[in-house]
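What follows is a set of structures for review.
Look at the two complexes coming up: chain A is in both, with chain B in one and chain C in the other.
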Partner chain A sequence: MKYAFRALVVALLGFVLLPAVVACVSAFDTRALIAFPPQGFTWRWFHRALTYEDFQVGFVNSLYVAAIASTLAILVGSAVAYAIDRYDFAAKRVLEAVLLAPLAIPHFTIGLGALIVASQVGAARGWFVVVACHVVLVLPFVLRSLYVSLKNMDPRLESAALSLGAKPGRVLLTVTLPGLAPGLAGGWIFAAILSFNEFTASLFVTVQRTQTLPVAMYNYVREYADPSMAALSALYILLTTVVLTLANRFLGLGRILGTEDVRH
Partner chain B sequence: MQRPFLRLFVTPAALVAAGFLLAMAAILQYAVLAHIPGELTPGGFTLRNFQEMLKPLYAGVFFDTVRLCFLTAVLALLAGYPLALAMVRARNPYIKSAILIISVTPLFLGEVVRTYAWLIVLGNQGFINGFLLWLGIIDRPLTLMFSTGGVVMGLVHVTLPVVVIMLSAAISHIDRDLEKAAVALGARPLRVFLTVTLPLSMPGIVAALTTGFAWTFSAFATPQIIGGGRVNMVSNLVYSLGFSSFNFPFAAALSIAGLLLTALSLALFKLLLRPLERMGAK
Partner chain C sequence: MSGTEDALRLDGVGKQFGTFTALHEAWLRVRPGEFVTLLGPSGCGKTTLLNLIAGFLEADAGEIFIGGKLVTQTPVWERDIGIVFQSYALFPHMDVARNVGYGLRARGVSRAEEAARVAEALAMVRLSSMAGRRPRQLSGGQQQRVALARALVIRPSLLLLDEPFSALDRNLRMEMQFELKEIQQKLGVTTIFVTHDQAEAMSMSDRIAVMSEGRILQLDTPEGVYRRPAHRFVAGFIGDATVLRGRLKGMDGVSAGVEAGGLTFSVPAAPLEGTAPGAEVDVFLRPEHLQPAEGEAGLAGTVVSRAYLGDRAELLVQTEGAGRVMLRVPGLAALERWPAGAPIRMAVGSAEPVAFPAG
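Let's turn to the complex of A and B:
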């Protein structure tokens, strides 16, 4: 019974890992086609993936978009999460519901909406639409991460600082912000990774010039069948695993994602 | 009550919310405008977009989408539950972290990388066919690409991380003393699981099913690439109407119908699953 359960869990983990492992192995195939098992061994596809212009441009674009969108989301999100958690104000629940709504709405719908708005105001599909779209999409995750941090922070610390005569600005900088640091860091990393990988909405709102890496990869898969994409996927998988392992080590992934009961 | 910096804190978020609502309003508006072939600017008010949707071609895609979402949510639940249980209950912190990282990494890889990897698994010369041919179980490759089975496999993989996250949150809230009490009273492990753990995780199961359904509905790259035009979901239809036919009003109407359909399915789900959810509330 116990062993049957363990075997099942191992098999399921195998299912989750299978595509990643197969992609990593195929990246070294010498043949220019999608096939398994690979024949021979070459670094050629890694070289092609790293020197292919669309991937290079897409990588830089994604890096900029992810950095800007996640930073904006963390600034906007932390401020409003604090206000929602600690204050009462008009239409508070409505604002919260609207900000969390993108979780329930498909990315293709949000992308289409952003595209229509951009065309209506006559703006060319530029960086602004891409970044705005990403901020809307990652904001709910930032809010969730910060709510956890806010719940774990004792509001009496702030009251104590206030009653000792500290100005609100000083309390914010010296008590609140340091207390929220883990949630801010977790939410920021979370938002940056999600934005870096966002595909569907980006497909709708980007043009050749503003193409992000996932869009460039999608276009590549549609046109070519050589293992360059496998090589790029392998690098992607490596990088993501490293970032997640570090996030887990230093911030507690379970806490950011809410898979652990923090009260225990 | 003192509310320092209230306006400063809320205004930026209100602007983001306004931008989002503007995009949604734009879709609503386009959905009831006429498409003029060859023109990007839509014409006047019409309800034809919604009538058009009742044609078998489009209605069929809606039906397939709901079927795929439902099947995927159920399969992801069946696969996700053991993973979540093993993760929450692992005593060894390394095993716990390993299960967590392996289960959620796909979520952070993005749909394109994951779907591409599935091409190598499912292709005619891919991993599964290569393996089965080598074992001698089959003598010619199975058609897994462009098939419903292949798309479902990819979709389950895409939806699994979210389901695991929802389930493990619920399982970690279960009071373990209840299980210990059952064991002390002589119940075997399977009975403890069926009569204590499983009923108590029902709220998580319901949440995982509904979220899994909505998440799958949102999938685009998986049906687009693995389905290759032969297995279509609403997302693929919206994209091809927008970017192949430039019929944005119809694409908008389909998005709206899709949203309504998800909302309706989820409401129905909730209603049907209410007895299950109650089991856990006891």
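Let's turn to the complex of A and C:
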């Protein structure tokens, strides 16, 4: 029984990790096409991936979009999560549903919709539509992360601060926000990673000038089949792993995802 | 502010949640330096009343005065109160010293004065060595002492505590009760204490407000609520009472004679005002209201169970035809004479019980 369970875990892990492993291994192949098993060893494809101009531009674009979109999502999300948690108002359920809706709507629908709306107002070729689209896509995750932090915070903390003579603004700055800091940081990092990896919606709303890294990669594979893609994938995995490890080290993922109760 | 002013006065304060009345018009006057406990079962409106005094809830009716000043419309942060909650509510991202100094910083006190007063407050609760710790590094009792220091360091005109010790185990709870009482008396701070634990209320309070279903039923000294309960509910809630059905035999202005289970008790007349002789009454019997009788006299029964408490024991006795009663006897005698199943005869004890019209 115990061994069967272990075997199952190993099989599952293998299944989840297999594509990543295959991609990473192929990245070192000396042949100019993606194939398995690999032959030889070279850093050549990494070099190409890092120096290819579309990738460089796409990488910078992605960084900007991810940073701006997740910051905006945090600002909107914290205000909304706070309102939903602390106040009772008629539109509360509706607001919650609308903000969580992107989870149920396919990304291409959101991208297409955003594109149609943007071209109506003549903004189809700009940054605005890309960022706005990403904000909508990451907002549900940000909301969840903040909502969990708020739920885990004892409302008596704010009551105690008020009773000690602190005005509401001071309480917000000295008690509420510091209490939410892990949730804010965690939400921001998740939003940034999601945005950085987002492809489907971005395909609709980006143009050559505004294309993000995943879109640049897609355009690349349509023309070439060499392992630079595999090299880039390996770099992607490395970057995300580093960010997540740091986030986990300093913030605790269980806490951010709400899988762990922080109240003792 | 003159010294004769009430430290706290509630004039008909009431609170509704939708159509549910959580607090019916409450009237209360608390003298400076007094320790008053709001006592009642869970859900009777104690926290609601405390939150109204603190300003976390807005009263639907009535006026609240703190130190003679009308504060009904005053926001929490201007009410000059200190609060201690059951959940401690210490700020997790600040160390103990910064927690305690929070109210001083909010008041714009200088750093030097903050440091001095925080040190003094921590010494008062015997936690000087913990100043640099985070709250989660402290035990429950220590956390609650920090919360107390934080509430008192601002020298509030009113100290409010909502079931502050309910999360602590029994021994620690008793230790904390003594400590709080000692500090409260030393500082002379007017205190409103909320609990559902009658022993806690009895041991600490100058006066107790017994509450039930959103009403203050009786406001009296611990002895008053224990010996002269003004209401059936109070008689049943304070102490371990068993109810014996009986008949009113007669009364003068002060006391009444009641016959129950073949025994004749003398009880205060006031609760039976307007009851006709011969009418049915309920006698609230506590363990000290009965004593073992020798010979064939008294109420006969059989010991159902025995709680040995060292110097004394409490017996639960099944009487012949009058239900179950509790009886207090010397510990040694209980061991020798009254194991479970032993027959026993009981007579009227030295203390006087109370009786109410049968309900």
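Here, the second predicted complex is superposed on the first by the 255 of 264 C-alpha atoms of A that agree within 3 Å, B and C clash if a C-alpha of one lies under 4 Å from a C-alpha of the other, contacts with A are read in each partner's own complex, and residues count from 1 in each chain.
Definition applied: a contact is a pair of C-beta atoms (placed from the backbone, for glycine too) under 8 Å apart; a residue touches a chain by one contact, two chains touch by 3 or more.
Small disclaimer: the values here were computed from a predicted structure and weren't measured.
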item: Partner chain in contact with A:Leu194 - chain B first, chain C second, else both or neither; value: first
item: Partner chain(s) touched by A:Ala104 [first = chain B, second = chain C, both, neither]; value: first
item: First (chain B), second (chain C), both or neither touched by A:Ala132; value: first
item: Contacts of A:Leu17 with chain B and chain C, given as first, second, both or neither; value: first
item: Which superposed partner A:Val57 touches (first chain B, second chain C, both, neither); value: neither
item: Contacts of A:Ile34 with chain B and chain C, given as first, second, both or neither; value: first
item: Greater chain A contact set [chain C / chain B]; value: B
item: Which superposed partner A:Ser163 touches (first chain B, second chain C, both, neither); value: second
item: Touching both chain C and chain B, counted on chain A across the two superposed complexes; value: 168, 264
item: Touch list for chain B against partner chain A, complex; value: 1-6, 8-10, 12-14, 16-17, 19-24, 26-27, 30, 40, 79, 82-84, 86-88, 96-97, 99-106, 108-121, 123, 125-127, 130, 157, 160, 164-165, 168-169, 172-173, 189-190, 214, 217-218, 220-221, 225, 235, 238-239, 242, 248, 251-252, 255, 258-259, 262
item: In the complex with chain C, residue positions of chain A that touch it; value: 154, 156-157, 159-168, 170, 174-175, 178-179, 181, 264
item: Residue ranges of chain C in contact with chain A within the complex; value: 54, 56, 75-83, 85, 87, 89, 91-93, 102-103, 106-107, 136, 147, 150-151, 154, 160
item: In the complex, chain A residues that touch chain B; value: 1-2, 5-6, 8-9, 12-13, 15-20, 22-23, 26, 33-37, 75-77, 79-80, 82-83, 87-89, 95, 98-99, 101-102, 104-110, 112-117, 119-120, 132, 135-136, 139, 168-169, 172, 193-194, 196-200, 203-204, 214, 217-218, 221-222, 229-230, 232-233, 236-237, 240-241, 243-245, 248, 253-254, 257-261, 264
